[in-house]
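Have a look at these structures, which come just after this line.
You will see chain A twice below: alongside chain B first, and alongside chain C after that.
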Partner chain A sequence: MLGQIVVSGITIGAIYALIAIGFTIVFATNRVVNFAHGEFVMAGGMLYAYFTGVHHVPIAPAFLLAAVLSGVIAWVVYQVGLSDVDRDNHIAQVMITLGAGIALKGAAQVWLGKDTLFPPAFSGPASVAIGPLTVSSQALWIAGGLLVFLLALQVLLKYTKLGASMRAVSLNHYAATLMGISPGRAAAMAFVMAGVIGGAAGGLLAPLASTHYDNGIFLAIKGFAAAIVGGIGSPLGAVVGGLVLGLTESLAAGYVSSVYKDVVSLALLLFVLILRPQGLLGRALPQKL
Partner chain B sequence: MLATRDVSKAFGGLKALSTVSVQIAPGAITAIIGPNGAGKTTLMNAISGFVAPDVGDITVNGASIAGRRPHEVCRKGVARTFQNLQMFSEMTVLEAVATGRHLHRRVPIYAELLMLPAAWRAERAALADARELLALIEVGESYWERRAGDLPYGYQRRVEIARALATEPAYLLLDEPAAGLNDEETAALGRTLGQLAARGLGIALIEHDIELVMSVSQQVFVMDTGAVISSGTPDEVRADPAVVRAYLGDAHAA
Partner chain C sequence: MFHLAVTTRPYRAAAKLAKLCAPIAMMLAATASHGQETIKIGGIFALSGPASFLGVPEERGFRMKIDEINKAGGLNGKKIEGIVYDTEGNTTKAAQQFRRLAESDNVVAIIGPSSSGESLTVGPIANELKVVSVTHAGTEKMTVPVTPWVFNTPPTDRVVAAHLLGIFKKRGITKIGLMSAADGFGQSGANVVKELAPQYGVQVSRHEEFNRQDADITAQVLRVKDSDAQAMLVWSAFPAPTIILKNAAAVGFKKPIYNSFAAASKDLIVQGGANAEGTYVSSMRLLAPETLAADDPMRPIVTKIYEDYKARYKEAPATFTAHSYDALLIIEAAAKKISGPITRQSLRDAMETVTVVGGNGIYRLSPKSHGPDPESRSMVLLVVKGGEWKVDE
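This part shows the complex of A and B:
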């Protein structure tokens, strides 16, 4: 029983982690919590279901298209909503992301419908046996997806010019502009990455948990909690936070009652905030200039 | 020539700059001195785009940069350092300096996002450039892989200068580069600045260390309460009664 609980905890934790990564990279470069992020995840799931269900697009291109389109949506949200807002005007930024999220939800409702959709899983057998455990094949895709995105992100941040400029903006926005780095470009790229990874998370999750135009906010809360638990600003922290949150929920649902799983996971969030406000892997925020 | 013409800037009722005109020549060191609150740093902020002047113009080789944003000013060939360190403290020294190269190692954005070989090559080339610059500015190889924020203060100052030079500026603005340095480090800084000017770089130096100013600069502007009150060679400025008054008060001006 414990083994099975851990498997499902890791599966949902991996989804939370993918969502948390989006919160984290946008926060690192923009110092803004993007409340529209859950809708990028929703868009990924809904578009994947739409392409496979309505247009009978094969699974792989449908998934890729859904992830890329979520990235495009994120880019549009940044360019239209945030690119001209003063960086220090956090209230305006938060309101704009909230508004963008509501607009995206409305658009999904109108264009993609109000039905709960059950898109196809990525590969054949519904589940595979690993030793004594039964693991759904979609869960393996999810875990693999997390590994691929985490690795790609770490490599991009460490070894490419774009990654270096994003880290520069994150560490010292002031000095970065003096290197000729456009903070707006770094921020836009962070949104694109968050959109693609979030959309992919939505596509990966949809076959397992279905998808609906209204589930963005629920996913955003969990992903945001994971980002905070892990330490916002750190991609690795997002992954740790996601897995810790997923496992905690799963253990609570398995040993206490599924009614209490949200209570336990949000209590964990409070607990971490009290004991370690910067999160498990976070560093203390740099002082304001 | 990097020049400001009649630049004024007020913050509310405080006139931080009033009709300030300075010229910073290529291949020379131009010092800007004055008591605290004279407007030196505000002038530097105006040139580098952190504050927009209310009136007046700022030009680089005749092209106006007034009101441009900092990253645009940087692209016009004007780099600067800050009075207090602005380091990318979590990066290695090499990475921090390499960020300055990004301007000149452009890669299409799709190549960056898909991590195509071009993106890797650009970053490797930027790191190679950074090594050269650090050698030039005399930061030893043993420091290159260390966390930038862990370096001794004097070295962090040098890394900042190397990072500014990485943008290939025609003009470099230094805001109190000798602050916190010991005598030996200050002398080394003076030599480095002389070498850079000899290579054609135009340097503007805000500095309180008068000895350093007088020994390295060819031209001096003296500011007080937001205005330029004197300018000339170091010897001319030193002999100007207005300068003595600003620094020491009326009683000494005789």
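This part shows the complex of A and C:
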């Protein structure tokens, strides 16, 4: 039983991690918590279900298209809503992302429908046996997806000019501007990446757990909690946070009480915030005197 | 129906508008006075918004039955005029529209609203305005205790729980694992099951909760799997019932899985695929009319609703269609007992004396009962066989 519970905790934790990465990179470059992020995840799942279900697009192109379109949606949200807003006006930014989220949800309801959809899984057998454990094949795709995105993100941030400029903006946006980096461009790219990774998370999750125009906010809350636990601003922290949250939920439901599983995982969030306000892998911001 | 709300500030614009609209208003007034001989019945349904999966089939059942009654000559010779408003599932709107129907549209009866929350709000208004109200709530609070003007057509969770526990008793299942959603619907259902279980000699040996939108419910399934429960009972709206089926298949859960009426839909089969095979659900009859027993007293009416709906709307009806259809069946039966004019008072009094066989079961209405009861035979056990719902009782 323990093994099986751990497997399901890692699966769901990997999804939380993918969602948390989106929160983290947008926060790092933009200093804004993007409340529309859950809707990018929802859009990925709904679009994947739409392409496979309505247009009978094969699985791989449908998934890629859904992820890319989610990225485009994120880019539009940034360009239309956030690009002209004063960087330090946090309240306005938060309200704009909230509004964009509601608009996206409404658009999905009108254009993609109100049904709960289970699009096809990525590969044939529903589950595979690994020793005494049964693992759903979609869970393996999810774990693989997390690894691929994490590696790609690390390479991009470490070894490309775009990544360097994004890191520079996240460290000190003013100094970066003086060095000739466009903070707007870095911020827009962060939104696109968050959209693509979030959309991919939605597409990966949908065959296991269904997709619905209304489930974005639910996923966003979990992803945001994971980002905070791991330390917002750190992609690796997002992954650690997601896995910790997923495992805690699963173990709490299996061994403590399913009634209190959310209480246990949110208590963990509080506990982490009290002991390490910057999150498990977060860097404490230097205090200015 | 035309209402002009004239406010003071855009006075000139309003005056202009009133001038423009005057001929239309006169025409409307003319048709209204011409149609003086109709009986007005209001309907408030959630035609859009998250509860529209209830409201849309209900509104269709409402229209279908009104057209049928009018074709047959109306209620005691008077045609019915149906007036429908969309509540959007919004409690405030439902209350406003209910008042509007009662006070300005002057209807004798109001059918709907679609959800429990809205229904609980309009119940007191119905008693205050003394207008017949037939709500579509899943909570027994609508008719327990009985209030003079409020009737309710859907079976309540108590009716469904009693049905399922009766099945367990008959099949020798004495220990169950209860899985309920951590929301109003799941908690209310779980409480009723726990309360009634001892009467049927059934023990809830495990109770697990989950969020309706949880992506994975494996841990809870494993807890029931490792317990001494002989069957699992799931009390939740979608998508959780499907996810439980998938998780159960993945961990080799072999015990039978029973579902509340919230999962009584074609969706469980479409979404669950092969995993849904062999799953049970307590459902209203409209989901599988062709597999009902030949001597089932509800079979003729259920088949009629099913076929009329299919002919008119080109798709199979959701079970909720019967909520509004039955409401009109009750009104139709009550009207036959009224010798004088049909008023709110005479209709209400007559409704308390009728016994009606409807799509949701047998209503034995009386001053003590304003809705289906556990003896109404509202529910029927269905099982998925070969990708279809089949009656299994």
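We take it that the second predicted complex is superposed on the first by the 285 of 289 C-alpha atoms of A that agree within 3 Å, B and C clash if a C-alpha of one lies under 4 Å from a C-alpha of the other, contacts with A are read in each partner's own complex, and residues count from 1 in each chain.
Rule of thumb we're sticking to: a contact is a pair of C-beta atoms (placed from the backbone, for glycine too) under 8 Å apart; a residue touches a chain by one contact, two chains touch by 3 or more.
The model shown is predicted, which means the values in this text are computed figures rather than measured ones.
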TODO: Look at A:172 in the shared chain and tell me whether it touches chain B only, chain C only, both, or neither; answer first, second, both or neither.
DONE: first
Open item on the list: According to the stated criteria, A:276 is in contact with first (chain B), second (chain C), both, or neither; which is it?
Closed with: neither
- [ ] Check whether A:192 is in contact with chain B, with chain C, with both or with neither, and answer first, second, both or neither.
- [x] first
Task: Partner chain(s) touched by A:161 [first = chain B, second = chain C, both, neither] - done: first
Open item on the list: If we overlay the two complexes on their shared chain A, which of chain B and chain C does A:127 touch? Say first, second, both or neither.
Closed with: second
- [ ] Could you give the residue numbers on chain A that contact chain B in one complex and chain C in the other?
- [x] none
Open item on the list: Considering only the defined contacts, which chain A positions touch chain C in the complex?
Closed with: 1, 4-5, 7-9, 11-12, 15, 114-118, 126-127, 134, 136, 205, 208-210, 212, 214-215, 218, 250-251, 253-254, 258-259, 261-262
Open item on the list: Could you list, by residue number, the parts of chain A that touch chain B in their complex?
Closed with: 152, 155-156, 159-165, 167-168, 171-172, 174-183, 189, 192-193, 283
Open item on the list: Quick check on the complex: what are the chain B residues that touch chain A?
Closed with: 48, 69-71, 74-75, 79-80, 82, 86-91, 95, 98-100, 102-103, 105, 107, 109, 112-113, 115, 119-120, 122-123, 126, 163-164, 166-167
- [ ] Write out the stretch or stretches of chain C touching chain A in their complex.
- [x] 50, 52-53, 182, 207-211, 213-216, 218-220, 222-223, 226, 238-239, 242-243, 246-247, 249-252, 267, 271
